[in-house]
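For reference, the structures are reproduced in the following blocks.
Across the two complexes that follow, chain A remains constant while its partner is chain B and subsequently chain C.
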Partner chain A sequence: MPLSTQSQGDAEQYVLVASLDNARNLSNILKAITFKDHAIFSATPNGLKVTVEDSKCLQANAFIQAEIFQEFTIRDDSVGFQVNLTVLLDCLNIFGGSTVPGVSTALRMCYKGYGYPLTLFLEEGGVVTVCKINTQEPEEPVDFEFCSTNVTNKVILLSESLKEAFSELDMTSEVLQITMSPSQPYFRLSTFGNSGNAHYDYPKDSDMMELFRCTKTQTNRYKMSLLKPSTKALALSCKVSVRTDSRGFLSLQYLVRNDDGQICFVEYFCCPDEEVEEQ
Partner chain B sequence: MKFRGKILDIACLNHFTRVITTISKLTKTCVLRLTPDNLFFVLSGKVANGGVSMWCELSQANFFDEYQMEGVSPEDNEICLEVTPENLSRALKTLQNAKAVKVKLTKKHCPCLTIAAELPTLSSINRVVTHDVPVDVIPRRLWNEFKEPSMPDFDVSIYLPPLKTLKNIVDRMKNLSNFLVMEANLSGEMNLKIETDLVSVTTHFKDLGNPPWGDEASQDGGPSQSRDPEDMAQARVDIRKLQQFLMGQQVNPSKAMCNIVHERVVHLILLHEDVSLQYFIPAVA
Partner chain C sequence: MDCVVTGGNVKVLAKAIHSLSRIGDELYVEPQEDGLALRSVNSSRSAYACFLFAPLFFSRYTVHSGHTFRCKMAIKSVQAVFRSLASLEKTVEKCHIELDDQNNRLTFTLHCKHGLMKTHNLSFQDSESLQAVFDKDSYANVFRSNPRLLVDTVMHFPPSLEEVTVSVSDERMWVRNHVEEEGDQSKAMLTELCLASDEFDHFAVQAHNSVTFCLKELRGLLVFAESTGLPMSMYFDEPGSPVVLSVTDSVLEGNFVLATLSDDSNHRKKNNSRGAHTLPPPPPDDFMNDDIDSYLIAMDTSVAPGPSATGPPTPQLADSICSKQTAAASHRTRLHSEEEEEDKTTDSGRPPNKKFCSLFFGSVLPPSPQMSTQPVSSQQVLASDSEDDVQ
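After this line comes the complex of A and B, so read on.
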């Protein structure tokens, strides 16, 4: 059952068809947002957005633009459904997710519409796997109303530097405190764990700091358990933008480069844990 | 009852170790049958081990430079021992650079397979390492439980795809489901299927080829002759049993085959020159 013969006849009845020469380009970016089973898919002619949420306090979005796909056909303005992300990832990696160069899994993802399963055709080395993943009614993702006009502080860092900081963070601390300020200490990560308090400071003129735009001193705390999943995205990314708005909401945007050098984005929104008196 | 064997060749030793390690991944305990020409590792399908059975046959001449055995009696020139392959494998793994390895049935506190190895040294004094692996001698009256399983009257026989590919797929399917349906036909096609509330996955293999079981099939014109080549024979099996079989593979087989008795049993066969390993997984409803 070669993929090519499948595609022609059935194409009309699908509302969404997306193909990739390398399924890893999708599975890798989905791994960056896998912390809950339910994922909301919403597709528009621009591409695919996948959303995962936790306790209405944390939201992660992965954006895969239409250009990343070798084929991206959508018959409506928007198509939405919800699937189990862990199951989807197991399906995408059914052939083992080989990292050997020259060996890749081709993917064709089709969706017929409301009530139908999400169908994946995967092929590697002449072996074809067909997966039908049951879909559910999509939930409405929480709107964090994070709007760029309300952003008070913003820094863009090379992920490398933040990876280092995150790998050394004291995970016994219940919260991660982020201080952003136009004056000293500029950008500070603090933890309050069993073995004491720790601060991790970034000077604003560091090579690692690509952009520094802070207008107001702001200190906010975020639950470590909520931020932990974002380290998966951090690990994959090359740059990260850290922003806070006037309410203390945190937005982390990760720029991820895939196997073919194309760029995708992953975004995390997190609610602050509690208000800290501003200095 | 006597048994002693000696392995001098390092390649033989490595190979022997790999075979035993493979077996240790498949079962905790099994029966080792020693005959003048062969060694057999046997697991007979009991409910306790989920009905899985195994038969591994090694020709002694391919491994041992010296091999002497004397069975319980001249008529029944065999020895049957219950062994823990894991223990044998662990002992052998530490002896990979030995100059010579002797395996001997001994009577210490309990019956043991004593593995004595001469290790290389820089000085002129030899180092000898001895492992005593306890075994149970199986009395003659129980031997009939450990006879070679007869070739099942299969509906379809097919060559397996590369075991590594198969393993990757089965590993993923294991994450999704507890049971897997294996189906194959006489046109060289095999499918692996799982189905749960969340997802259904089918992997299609084609052009695998069907082994010619010449003699038997042509003589009685058996089921394989009259069978529609497209018609699938299938068996639903416990995915863990299949995974276990694929996980333990240390022997790189020259031929890997699968026989399916429709809704009864999956019979897997690995052939590697002097070693043959058969594994039976019963179908579940």
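After this line comes the complex of A and C, so read on.
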């Protein structure tokens, strides 16, 4: 295999080497968080975490566990760098990102350490492309301090039911209001647009509701423009967990199944837009 | 108003709103004793559409008697309620439409599968009554067919085509694309389809006329007729008086009233070129004739109302507006310019040479319920011919 022979020799110099038989398993999940150019990569022996942020109000994380990769070698406890995500995605699809079954791009991703470029070896049908993407000084991701002990309300829904709602949302509305409550209306998405308002109510006993754990009625508004990118993750996912904490911060966790049936996670954090008095 | 639509009827309602959106930007809603009326009109008031859903269409239909209410709202916002037309049948079990007098909201509640409930509270404006004046029963030419026949017919015309001309004889109907007179005739392509009378369920011709009207609205109603499988009827009289396209069922009625091109230009041309006032022969033969000139002659002459056109009782509408004589006489005193209607025409640099007469609408408050059968004398909006000053 040309990929392995070519890079075997210098494997020792790299602090991080990650190989995938199918690069689409990485590119798909990265697409779910592509709404800004810069992505912070942090690798630990557990896997790879990619973070994208917007306006310090929205943060998206994609988690790709070490097991997803055919090879995942890391020589430090943690390795961090920042690259242009759009460029990285272009490189991952350099062979056209064909969706023909049986044809896939193999990937070997290597990083020598601080100051070095991220090197991608991509192979499809015996053709190898080497891409070097300059890395940038990694920024410190915002800590949203969202911890599970502060979660007041949590629901897990099958993505199918939310996809419908998100595809129909009135985009003339500046905000999406999410109401979660132990009593009616349980889980409600509301928009306030030019032509009036709309509410989508999910009863807690719906087939689509896998888990309903709401302790307190909470109504929060989130900027539609901030939440819009999360629909990319929703489209890929099969389940979504919606959580709010006592401050009204929103966490959306998407369970994404890749081509090989393995599971990855994408998480979005969003700040509430403004305080809404509880009814 | 408080009504509930269930099952497949939700899709019928959604499709109706969808086809109304082909006409205008606003949806006029009027709950009446005899059913829910949804109407729309285009900006130049040359096309009007109305669906009336009888109380039996609904599984519950209540209106406050003695209290007339009517409103209008952006049709887009109502379309948004029924956004996913394709999956509507599978997902929506029940649609509840309710008027919230207190908050001035019209509420659409969709009860969907898995207990999901979608509530749309739409704001509205009060509106005058919208009513086209037409009496299709008095029309000379009446046709009814399976929508498939017309769908297959209009399929042959490019989407960019704006108007079609329909001509009839005792046994046949010809549908062809309308070509601008001022356009470059040598570059024009003519497409004509001939339909035999036996392809129709009903084919009654009293006036050998041909009328030219917009294709877009016809397509709009065809989408509805096809999805509901209801036969479509067409009524028309003479050039200048509107054509009525209609879909009727025991629980619903849809009428699209479209202005037709008035024929005074043809007259003018005819007076210049030929003095002949012959009977309107449609193109001599459907297939053998490939001579464009003879088509053009046929187009010229076929629009002239022949003696037989005066036979049937003239509809009030034709009386009051669009006969070419009145139009010609009144074109200096027009109330409403037509220019805005033809945005596309001006965009594409062609001269605005359309001569659609507006339909008459009673823009009245309060309306008389029997207005649809009576000519309204004072509140009519008339868009008469424009730009004929070249004479």
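The criterion applied here is as follows: the second predicted complex is superposed on the first by the 278 of 279 C-alpha atoms of A that agree within 3 Å, B and C clash if a C-alpha of one lies under 4 Å from a C-alpha of the other, contacts with A are read in each partner's own complex, and residues count from 1 in each chain.
Simple rule for what comes next: contacts are C-beta pairs under 8 Å (C-beta built on N, C-alpha and C of every residue); 3 or more make two chains touch, one makes a residue touch a chain.
These numbers were taken from a predicted model, which means no experiment stands behind them.
Q: Putting chain B and chain C on the same copy of chain A, do they fit or clash?
A: Pair status: fit.
Q: Is A:129 touching the first partner chain B, the second partner chain C, both, or neither of them?
A: In the superposition, A:129 contacts chain B only.
Q: After the superposition on chain A, what angle is formed at the C-alpha centre of chain A by the C-alpha centres of chain B and chain C, rounded to the nearest 10 degrees?
A: Roughly 60 degrees separate the directions to chain B and chain C.
Q: By the touch definition at the top of the document, which applies to A:198: first (chain B), second (chain C), both, or neither?
A: Second partner only, chain C.
Q: By the touch definition at the top of the document, which applies to A:206: first (chain B), second (chain C), both, or neither?
A: In the superposition, A:206 contacts chain C only.
Q: Figure out whether A:164 sits in contact with chain B (first) or chain C (second), or with both, or with neither.
A: second
Q: Per the contact definition in the header, classify A:90: touching chain B only (first), chain C only (second), both, or neither.
A: first
Q: Give, as a whole number of angstrom, the minimum Cα separation of chain B and chain C in the superposed three-chain arrangement.
A: Superposed on chain A, the two chains' closest C-alpha atoms are separated by 5 Å.
Q: Quick one: which bits of chain A touch chain C in the complex? Just the residue numbers, please.
A: 161, 164-165, 167-168, 170, 193-203, 205-208
Q: Going by the contact rule at the top, pick out the chain A residues touching chain B in the complex.
A: Contacts found on chain A: 1, 84, 86-87, 90-91, 93-96, 117, 125-134.
Q: Under the stated contact criterion, what part of chain C meets chain A in this complex?
A: Residues 73-74, 76-77, 80, 83-84, 87, 91, 105, 114-123.
Q: Which positions of chain B touch chain A when the two form their complex?
A: 161, 165, 168-169, 171-173, 175-176, 197-207
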